[in-house]
Amino acid sequence: MSATRRGPAAAIGATAGLVYLFFYLPVFVLVLFSFNEARTGGRWTGFTTEWYARLADNDQIKSATLNSILIAVTATAIAVVLGTMLSLALDRHVFRGRRAAEQVVYLPVIAPEIVTGVALLAFFSLVLGRLNDLLGRSAADALRLGRPTVVIAHVAFCTAFVALVVRSSLRNLDPAVEEAAQDLGANPWTTFWRVTLPSIAPGVLGGALLSFTLSLDNFVITFFVAGPGATTLPIEVFGQLRRTISPEVNAISTLIFAASTLLLVGALAIQAGASKRRLRQFRQGDSPSGEAPLPDPQHSPQHTWEET
Amino acid sequence: MTHESSDASTGERPERGSVTLQGVTKRFGKTVAVDSIDLEVKPREFISLLGPSGCGKTTTLRMVSGFEEPTSGRILISGADTTGVPPHKRRVNTVFQSYALFEHMTVAENVAFGLRVKGFDKSTTATKVAEALDLVRLAQFAQRRPAQLSGGQKQRVALARAIVNEPEVLLLDEPLSALDLKLRQAMRHELSRLHDELGLTFIFVTHDQQEAITMSDRIAVMDHGRIHQLGTPSEIYERPASRFVADFIGETNLLEVIGAGHSGGMPAVRMATGELVPLAEADNGSTVPDRKLLLAVRPQRVTVTAADQPSEPDQAAVAGQMAELLFLGDSTRATVMLADGSQVVALRYNDAGHHPFGQLRPGDPVTVGWSRDAACVIED
Amino acid sequence: MALVTSAQRQRRRIAALLTPGLTWIALAYIVPGALIVVYSLLTPKLGGGVIWELTGDAWDEITSKGRRSDADWGTLGSAAVRALAAAAIATLPLVAGARYLRRSARGALVVATALGGLAGINHLASSYNNYTAVFARSVVWSVWATAVCIGLALPLAVFISSRRSRITKNALLVAVMIPFWTSMLVRTFAIRFVLSNTGPLNNAIESLGLDRQVFLNTRFAVLLGLVYTALPFMVLPLYAAIERSDRAQMEAARDLGAKPPQVFLDVFVPLIRPGLTVGSVMVFVLSVSQYLVPTLLGGGKTNMIANLLDLQFGEAFNWPLGAAVATLFSLITILSLYFVVGRRDGADLL
């Protein structure tokens, strides 16, 4: 566009720089002050790792972390299976009601979390109440909100995101490849395990990492369905930072930030690796012979970014 | 094993390798992709389904391989009804347009796939794979990945992967369309050789008339879900049965004529410009006076001479004016305008140094002609 | 044995693949959603939950006029004045740039009318009762957040997209994606920490010899938080739309003599419209339902819709009232998605 003219280009560059500063400055300050000696206040007094050491002794934080990981692993394991199945049905078959099914699958992506949270709270309370009546449980050993209800809620939205990611990876797989397997005598089950799954493995793995991150980080829905028994890390941190501003909260926030950044970079590396491998093999196969097939624009690495 | 498969896997029946389509129709919603087709493919035949994209040829193929179910009608493979038999239980194999190789397996693993899922033991599989790779001359590429192969090599892997299963029928879905011209020509010979060596039935889908004509025993020309004409390549080329076939196979002059019975002892039709044109034989209603018809003449068979030269009695001779001369490299193309405004195209190979149309220049009055066996009559 | 057709087999396979996932999502989203609608018509139980007796109390409460409301005509009158003023302010820059407008004129008129209408409705709603006031505030703040996000994200997306090297591009994109995927709680807390009364920002101000300021628990803090948390959701779709857009069309427009502002309005904006729509919807929906930002940056007073829901389900224990608020909120969200995005662009969204 106007990028050829110096003025607008400079303005665009300056704005971009400021936006990056805006993105990272608050997080950077947060990380920095997690190493600050002073117990309170925003004045730098000296370097320490004391707050991290204290975290290691904080039983509440430890049990909340354990809870979070347990929930994220369980929810991801279920969501990867359900999401992959959904994406196979939605991408590989044409059937009546597909649009409707698609809309249900993507409901968790667009539904406001807060409404989901309170609706699930109402739903679980009703179901648990009825179950307790049915089983004749007393108030002491009644079924309550806890880890299972959190897992049920997390599986629902994780499934949707896994379906989204796996679908984009299915789109890059020529359906004729699966037909070829069947044509050669493989039944649908064998076709899936020997051909489809190995081909979409990076997508499934990426979906799993995404699902794990989303479950680990989720606050709003968890806040309503966790109950007192299943405090996850974000809920614990929220409680602490509402009570007081302590450097320990900075430290745990830094760790959460680092963990999700690592997970994201891991997920991206897997996908980029897959598309780079495709590209490299494509070039190798291409150069020794004279017959160059047209480059497939879908294989450019940029594609992966757009899909995520 | 269910009884479905025992239907499909027939033993050594006499009709092994035959494919029969009986009133096969395929609808997708309201669109009719294939419109009640009947077709009898003989064992060991190389038959081509030829037509423009969307004519129903690929859908027909996919119904034979089992990826689509006919809406009505039935398909018999080696004499057995295939209704309800899923693709993996049919004794046919497909070479896909996009090759559809398994990118995560080596060439050898790709070829072995069909044998492995059928439970062949390792040594048999290895022997058969080696044979198949030899047959397509790819033995030294066995350990490569598909992504490291060229288009032509991928094509041959796809072929080996299909034929190693010893199918009763080999289905080929535009297998050469992704290759460049030179390679396509080489692969045509390769396919013909394989057909001779293997003695399998080949059903070959293509939109390229050259491919169909050079390789097939018979061609079925398709359009709008119907078979317009079924015949040998020369029948299709010399005696197109409809305007569509004449148009689709090579370039043809299509001239409006009316039936004129006989003239000078020969069957004849009358041009829109008034001239009587003799025919080799009376067919397609040319004997009915005033019947509206089309006359098809290939440009290669049309002669253009100066208007003052005499013509043979059994030759067609129509007056016109040279409209355009186009140099095409190996040949020259002349367009002649007739009195009624219609055009006739003539094509001549260039002789070194000689102009194929002599001294004729655009604007000159000319006579176009053709021998009577060069023309055929089509009902419009 | 009956013959199984491939169509039947296909149907069974599809059903087997779909049923578990769809059932799970439906059980967690559709059934509870329907339940919320039912709950809004029931009687509240003290300490949470409902008594299964039908009543319209909750709906009465949120739809009847509150104490603060003035005489009808006065309110209507000042709403009209506000609407006109807002429309006029929105139109001014558009009139100034009128010579570039042509085709965009209609779109500009729509924007001006919408802004004016929003201001009028906001005025009416804020003085009607406490609930409508919270709704209006949430919507208006989210519209502002969306506008600021467009203003910041567009230059950034153009900047990333105009980099030559693919490595630079990817690195810049990853730098946007990191905040996109990291915990909303941590990001909101980072802003809270920086803005707090004894925090780094105030310390920096003090060391410059100025007085400490109160940043936290202000409108400014909430808006900043909304923009900070939602901005990546605008950058990524815009970037994708710019990458997908056909640069040749812009060059053709320049070649045909269009000036840069004309190219921008008449060619560039229409080209990236799908990305703008998707980004705006994502930012708006995210902002309007924000819980952490108003809670941690707005001081925990009843600031936005999410706080209202938290209050009714958590502290006030009036579930039917909360359910009515949630129902109304979902209705507004769904309707605005439907009308603003429309069916065509809605497909792009997914």
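Think of it as A, B and C in the order they're written, each chain with its own count starting at 1.
The rule we apply is simple: a contact is a pair of C-beta atoms (placed from the backbone, for glycine too) under 8 Å apart; a residue touches a chain by one contact, two chains touch by 3 or more.
Fair warning: this is a prediction, and the values are worked out from it, not measured in the lab.
Asker: Can you tell me which chain lies farthest from subunit A, using the average of the Cα atoms as each chain's centre?
Answerer: Using the mean of the C-alpha atoms as each chain's centre, the farthest one from subunit A is B.
Asker: Can you pull out the chain pair that has more C-beta pairs in contact than any other?
Answerer: Going pair by pair, the biggest contact count turns up for A-C.
Asker: Find the most central chain, measuring centrality by the gap between its CA centroid and the centroid of all protein CA atoms shown.
Answerer: Per-chain C-alpha centroids ranked by distance to the global centroid put A first.
Asker: With chain centres taken as the means of their Cα atoms, state the distance from subunit A to subunit C in Å.
Answerer: For subunit A versus subunit C, the centre distance works out to 21 Å.
Asker: What whole-number Å value describes the gap between the mean CA coordinates of subunit A and subunit B?
Answerer: For subunit A versus subunit B, the centre distance works out to 53 Å.
Asker: When the centre of a chain is set as the mean of its C-alpha atoms, what distance in Å lies between subunit B and subunit C?
Answerer: 59
Asker: Could you tell me which residues belong to subunit A and also touch two or more other chains?
Answerer: Residues 188 of subunit A each touch two or more of the other chains.
Asker: Residues of subunit B that contact two or more other chains, please.
Answerer: Those would be 66, 86.
Asker: Give every residue of subunit C touching subunit B within the complex, in rising order.
Answerer: So the residues of subunit C in touch with subunit B come to 1, 3-7, 9.
Asker: Please output the residues of subunit C touching subunit A within their complex, sorted ascending.
Answerer: 10-11, 13-14, 17-18, 20-22, 24-33, 35-36, 39, 48-49, 152-153, 155-156, 158-160, 162, 166, 169-170, 173-179, 181-187, 189-194, 196, 198-203, 228, 231-232, 240, 243-244, 250, 260, 263-264, 268, 285, 288-289, 291-292, 296, 305-306, 309-310, 313, 319, 322-323, 326, 329-330, 333, 337, 349-350
Asker: Quick check: in the complex, which residue numbers of subunit A touch subunit C?
Answerer: 1-3, 5, 8, 11-13, 15-16, 19-20, 22-27, 29-30, 33, 40-43, 82-83, 85-86, 88-89, 93, 95, 101-102, 104-123, 125-126, 129, 152-153, 155-157, 159-160, 163, 188, 210, 213, 216-217, 219-220, 223-224, 234, 237-238, 241-242, 245, 249-250, 253, 256-257, 260-261, 263-265, 268, 272, 301-302, 305-306, 308
Asker: Can you tell me which positions in subunit B touch subunit A when the two form their complex?
Answerer: 65-67, 86-89, 92-94, 96-98, 100-104, 113-114, 117-118, 145-153, 161-162, 165, 178-180, 183
Asker: So in the complex, which bits of subunit B are touching subunit C?
Answerer: For this pair, the touching residues of subunit B are 2-4, 66, 69, 83-84, 86.
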